[in-house]
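Each of the next two complexes has subunit A plus one more chain, namely subunit B in the first and subunit C in the second.
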Partner chain A sequence: MKRSSLLFAALCLTAVAISAPTARAAGTVKIGVLMPLTGNAAAAGQAAKAAIEVATDIVNNAHPELGNLPLAATAGLPNLGGAKIDVVFVDHQGNPSTAQQLATQLITQDKVNALLGAYQSSCTFTATPVAERYGIPFMVGDSAALNITTRGFKYVFRATPIATDYARTYMRFFADMKKQGKKIDSIAIVNENTDYGTSVGDAIEAEAKKDNMPVAIRIPYSASSTDVSAQVLQLKEKNPDVVIFISYTADSILYMKTMKSLDYKPQMILGDDSGFSDPSFIPAINDIAQGVMNRSAWAIGKPGSTTDEINQMYKAKTGRDLDDTSARNMQAFFALADAINRAGSTDPEKIRTALAATDLKPDQLMMGYQGIKYDSTGQNILAATYLIQLQGKQYQLVWPETAATAALQWPMRGAAQ
Partner chain B sequence: MRQTFGLRAIALLLAAGLLLYPVVFTDPFYRDVGVTFLLAAISASAWNIVGGYAGQVSVGHSMFFGLGAYAPLLVYNLWGWPPIAGVPFGIALAISLALVIGMPTFRLTGHYFSMATLAVAELIRIFAGTWGLVGAAIGLQGPATGRAWWDLTFRSELPYYYIFLGVLALLLATTAIIENRRFGFYLRAIKASERAARNLGVPARRIKMMALALSAAFTSVAGSLYVVKTGFIDPDSGFGILVSVQMVIVAALGGAGTLLGPLVGALILVPLQTATNTWFGGSGSGLTYILYGGIIVLIARFEPGGLSELWPRLLPRLWKRAHAA
Partner chain C sequence: MVGVQVIVGGLLLGAIYALFSSGLTLIWGMMNFINFAHGEFVMLGMYVALLVVTWLGGGPAVFAVAAAAALFALGVGLYSSLIRHVIRGPLLAQILSTFGLALLLRYTAFLVFSANFVSLPPTALAGTIKVAGIFLPVAQLVAGAAALILTIALHILLTRTTVGSKLLAVAEDRAAAMLMGIRPDHMQALAWGLSAGAAGIAGALMATAYPWSPSVGETFSLIAFVVVALGGFGSVLGSLYAGLIVGLIQAVSAFWLGAIYKDIVVYGLFVVLLWLRPQGLMGRT
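Then we have the complex of A and B:
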């Protein structure tokens, strides 16, 4: 009897200790981060979480080695008397309704000054109106769906490039290749059939039409497929010069392996980030898909450069190189922190005004954007991306040539020998 | 007699608690949890009519939920009507689908009926994910900021709470009425043994069909409520298997085939889900799911009939203890 009541008391205490809101230290700025930390997209959410933790360290502590990156050299936010940033992570599990509830929780319970998130476009769709209703700035980290920023919201900002930016980049790349005498008569689009794959696939198809680039075939498929030989045979029959994959991790690996076993190799394979950027992708296909291309606004850069330093910090924490998706979230975090510092206040209205006035130059960024400057909808108009190619055991930046660190290999080699 | 008295007292207490909850908890987050709870209770109670009372365990009720969720946003996106105007369409579609589905699948019983409903729901989910008119995989969005009150986009959670509570009251009243009518006895007879019920002259096919149609109509309303509150729907949050599974779990946890069972189930599951995610979600260690799953396993092991079976056993015991003291 006695033991059980003791146990009960202990349980109650633990519950209280866990649920008690942590007292806000004087002079901190709270940022709520919504990510899928469990569920289907947990790997991406966890990687983004680690990246944002590194970014918080960079802002909160003095890192003079990081060049022109705003807020790196100083400890905390100088315009707020050296205030530190306190990040509150929540897990929306990829569920739009949960994301909405957690946004309410972060704003009304945790009293955050700004929000960042939420990976899946569906979750960003439902979380952003909450921020808009409460007048709290929401920085979209990496969700790419076009209409997140076209709903007339005042408090939603997005630093990352979106589907149309990527589609335009691919077309510019193809035009450039044709100018160099490479043969690109037709392309194929293979996309997973949920919102990510569909929206990027649509954008590429639209841009291709504008550029008079024939799309030989478009193949939507389910990312949970366990057999894609039918799709690969379709590709083989149409034989396009370039195949663009908009895929998640397991499926992109499955495609590479199936293409190898069915002996099909186009001139070039171009992956649209996501699966192709997953840490498990390269080790899985290294031997059979040398030369596949991918997009990334993130490049590690030369040893000693700011980006290399950031990558070292991330690697020390996670044991992996920083990936594009997490890096875009990190950049969004820096852009948000910079705006809060310029606002010189935690007042959401002042932060919003500062965000709207953002004008970051390329040398102040860790990403390959041409800058960060928002239009009236909150979308960054200077967003851009690099193209990278798998050479050996890692991706090398190969396009545009002005930023390239290695020469492009065309056509792709396929099997490593 | 005493048992019904106890149940009635509990029901009254529950009703009073539900009415007063948002007055006591004024914080928007707690109110939001309350709204989530009501939605889970509505969906599970709607499922309960056919899944609990009639014992036809559907694992594809998300098909009705999804129809109810898509209809309001479809009329909004196509013609700019207020989303609420889509609710009757959702109900009509759900009832028609119930009749079409019921005809072939009610020839099946037990697991086969469950599998058939599951398959149909998946079919509709995949179809919705490729059909451009309903937004394909990207889904549909409602009005981000309401044009007027009839768009039902409130800043406060309070109006949602009482709208949802009203629907729940209507649904439970309907179920309570059915319970004591011939229809209700027919349903229980079918659940106990369909063959025996048939031999006694129960028109089993027709009764099951009616139960499914009624259940579908209310499930569709639950979907409409969800979408009016969330303002967004995609194939997974409308027709996804998790939507169906949650209805079954909530009802089974509380006690399928009882009036207040689904309510009790939601009362336990929703706060549990929210609390574990709030406390342990931020670390991303997956502890949320472990705790959540563990508790379901415990209940399934020790109280497989659902928690509402606990009351009649617990109440006399409490009564005795109070008098012994």
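Then we have the complex of A and C:
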């Protein structure tokens, strides 16, 4: 076995993807995008890729129907003589060391002008220092871990809300529910154990402590688990009123199914995006987990609205509605393209300066943020999110009430009748 | 009562581990050949089950048998077209061939089925029975019981039947077996068929309980290698015990220590056991 495991290790090393360097075409702006296009999170990565392709089409071609969305009405980047954006996608397979390696390759071989990525926080965490070292702007698409922007980096920007924003939203929601007479005596936090789950879990635990909300149990686990019965039994024993899941796709589906088969249903399940927003989540669980909640800064909106038009384009390409994760990547892409246009140059330093000066208003965005404006760490200080609930075969916006399109059902129903 | 629930869950899971590992150990025992594509066979079994359910309908008996048959055919086909030739080559060629095969199968599945996670639509196996306060998910109960029966059947086939004797004879001494009128190629093709078939049926049974995507094979390969090494390379009965032990330890340690510690416990005990008994529980020295 010893010899063969050494060989196996050697094989794994040789299996690392090598992509050929390509020459840079004149008059184009090159953006490297890192996503998990294969591996456990491939579905989410592929969905984000499709969303970024739609965004590229919107920037590169004239789409006057899209209202105030920057760069939509014109073809290409007007301040760069109508230059088109050329996107290079690479697949890090959800592996942080591969992500790091590919970031280097995109910068040194593909000569990209900026980077965007990389879904898993753990991968973004390792890819961003590479961009910082080479002085190439890195736009974080959707990774929520706090520590990505707390390292004093100058070239890393993030339009998406982060762990603490979400944690605060959840606590505000619980306070609101309690005010309405719902019983929430304790919560449980179930998180996958890489950067994403750990940092969001930590943030929620910290905010819960501040709010004097007892955390009955915290369960970190590995997202590649083939069985979660033990974790569900732990939950059943502690019996919290709300269970918050910070999970990827397979594991979130597995939890819903296992909870059903072990006959456990808390008053409410709150998913922290990711797995709960994966296109395969709803079809897999919609008959057993009615009423689960999720967060989303994305809402399709009224027919004919800019968001509805974008959704139509995405649907024509993929056959399904745009999800929050992919939409946040798309928004990040627009924010990056807008900065490059304002920089009027492909010079990384000028792009960085333009990014730092970003001040987008809500009507220029496709997401429910209050705007995009970065603090000195590169984090958007105007990011926000809605809460949504699975009712029937889709999520409805249920909180805050001022923006809600459907009434919240509490407690969750579970099995569809 | 929760304790009993944890233990029952662990044993049911372990029985499935045993079933898909038994195929791997069979190939090793027969040919001293490591099949890195074994986890991909499990994955294909899951998709066969899905296709059968979507296109033809039918219950678990139908799709499990279909998956077993399809994978049996694939195993025999792969043996005649690929393995038969590379087995004469150097060790590196053998390992590369199945490793390459694993990647080929995985990415073909990505191409055909896309990267999205899928689940079987609720079948006759959906639901839970409650016995003396213990919840038994029907799907896992059936899968676990079938796994147990099939693993034992495979063991009996190898040790108590003429076919089994011929299979073992080829493994023992190819030249002598040929002198006795046994055709090694036929026997080894059969071994590959049985191995892949066992993986296919395990995949179909697991598909009733778990969501999956084409990359699921990686997870199963790792478990299969641990179970096979723990049970003793080449011993079907060993992989049965080892599968049950691994499933049980995972469940018990996940519940009482926490989910993130379960693999530490499993692999820690694994290393200790290999240190004390390098040939595994039931392996030949």
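In this text, the second predicted complex is superposed on the first by the 391 of 417 C-alpha atoms of A that agree within 3 Å, B and C clash if a C-alpha of one lies under 4 Å from a C-alpha of the other, contacts with A are read in each partner's own complex, and residues count from 1 in each chain.
Just so we're on the same page, contacts are C-beta pairs under 8 Å (C-beta built on N, C-alpha and C of every residue); 3 or more make two chains touch, one makes a residue touch a chain.
Since we're looking at a predicted model, the values are computed, not measured.
Asks: Following the superposition defined at the top, how do subunit B and subunit C come out on subunit A, clash or fit?
Replies: On the superposed model, which is not a single observed complex, subunit B and subunit C clash.
Asks: Which of the two partners, first being subunit B and second being subunit C, lies in contact with A:208: first, second, both, or neither?
Replies: Once the two structures are laid over each other on A, A:208 reaches no partner at all.
Asks: With the two structures laid over each other on chain A, which partner does A:42 touch: subunit B (first), subunit C (second), both, or neither?
Replies: both
Asks: Check whether A:249 is in contact with subunit B, with subunit C, with both or with neither, and answer first, second, both or neither.
Replies: second
Asks: Applying the touch criterion given at the start, work out whether A:55 contacts subunit B, subunit C, both or neither, answering first, second, both or neither.
Replies: The answer is neither, since A:55 touches no partner chain.
Asks: Looking at the overlay, does A:226 come into contact with subunit B only (first), subunit C only (second), both, or neither?
Replies: Once the two structures are laid over each other on A, A:226 reaches subunit C alone.
Asks: Going by the contact rule set out at the top, does A:193 touch subunit B (first), subunit C (second), both, or neither?
Replies: In the superposition, A:193 touches subunit B and subunit C alike.
Asks: Considering only the touch criterion stated at the top, classify A:398 as touching first (subunit B), second (subunit C), both, or neither.
Replies: The answer is neither, since A:398 touches no partner chain.
Asks: Looking at subunit A, which of its residues have contacts with both subunit B and subunit C?
Replies: Common interface on subunit A, subunit B vs subunit C: 37-38, 42, 45-46, 193, 220, 222.
Asks: Residues of subunit B touching subunit A in their complex?
Replies: Against subunit A, subunit B makes touches at 27-29, 32-33, 36, 126, 129-130, 136-139, 141, 144-145, 155, 157, 226, 230-232, 234, 236-237, 274-275, 277-279, 281-284, 286, 288-289.
Asks: Which stretch or stretches of subunit A touch subunit B in the complex?
Replies: 18-19, 35, 37-38, 42, 45-46, 49, 88-91, 93, 95-98, 100-102, 104-105, 108-109, 121-122, 125-126, 129, 132-133, 145, 147, 151-153, 193-195, 197-199, 220, 222
Asks: Enumerate the contact residues on subunit A facing subunit C in the complex.
Replies: Residues 1, 3-4, 7-8, 11, 15, 37-40, 42-43, 45-46, 193, 219-222, 224-231, 233-234, 236-237, 249-250, 253-254, 257, 260-263, 278-281, 283-284, 287 of subunit A touch subunit C in their complex.
Asks: Can you name the residues of subunit C that touch subunit A in the complex?
Replies: Residues in contact with subunit A: 2, 5-6, 9, 13, 34, 36, 91-92, 95-96, 99, 103, 107, 110, 114-119, 122, 127-128, 130, 135, 137, 139-140, 209-216, 219-220, 223, 229, 233, 247, 250-252, 254-255, 258-260, 262-263.
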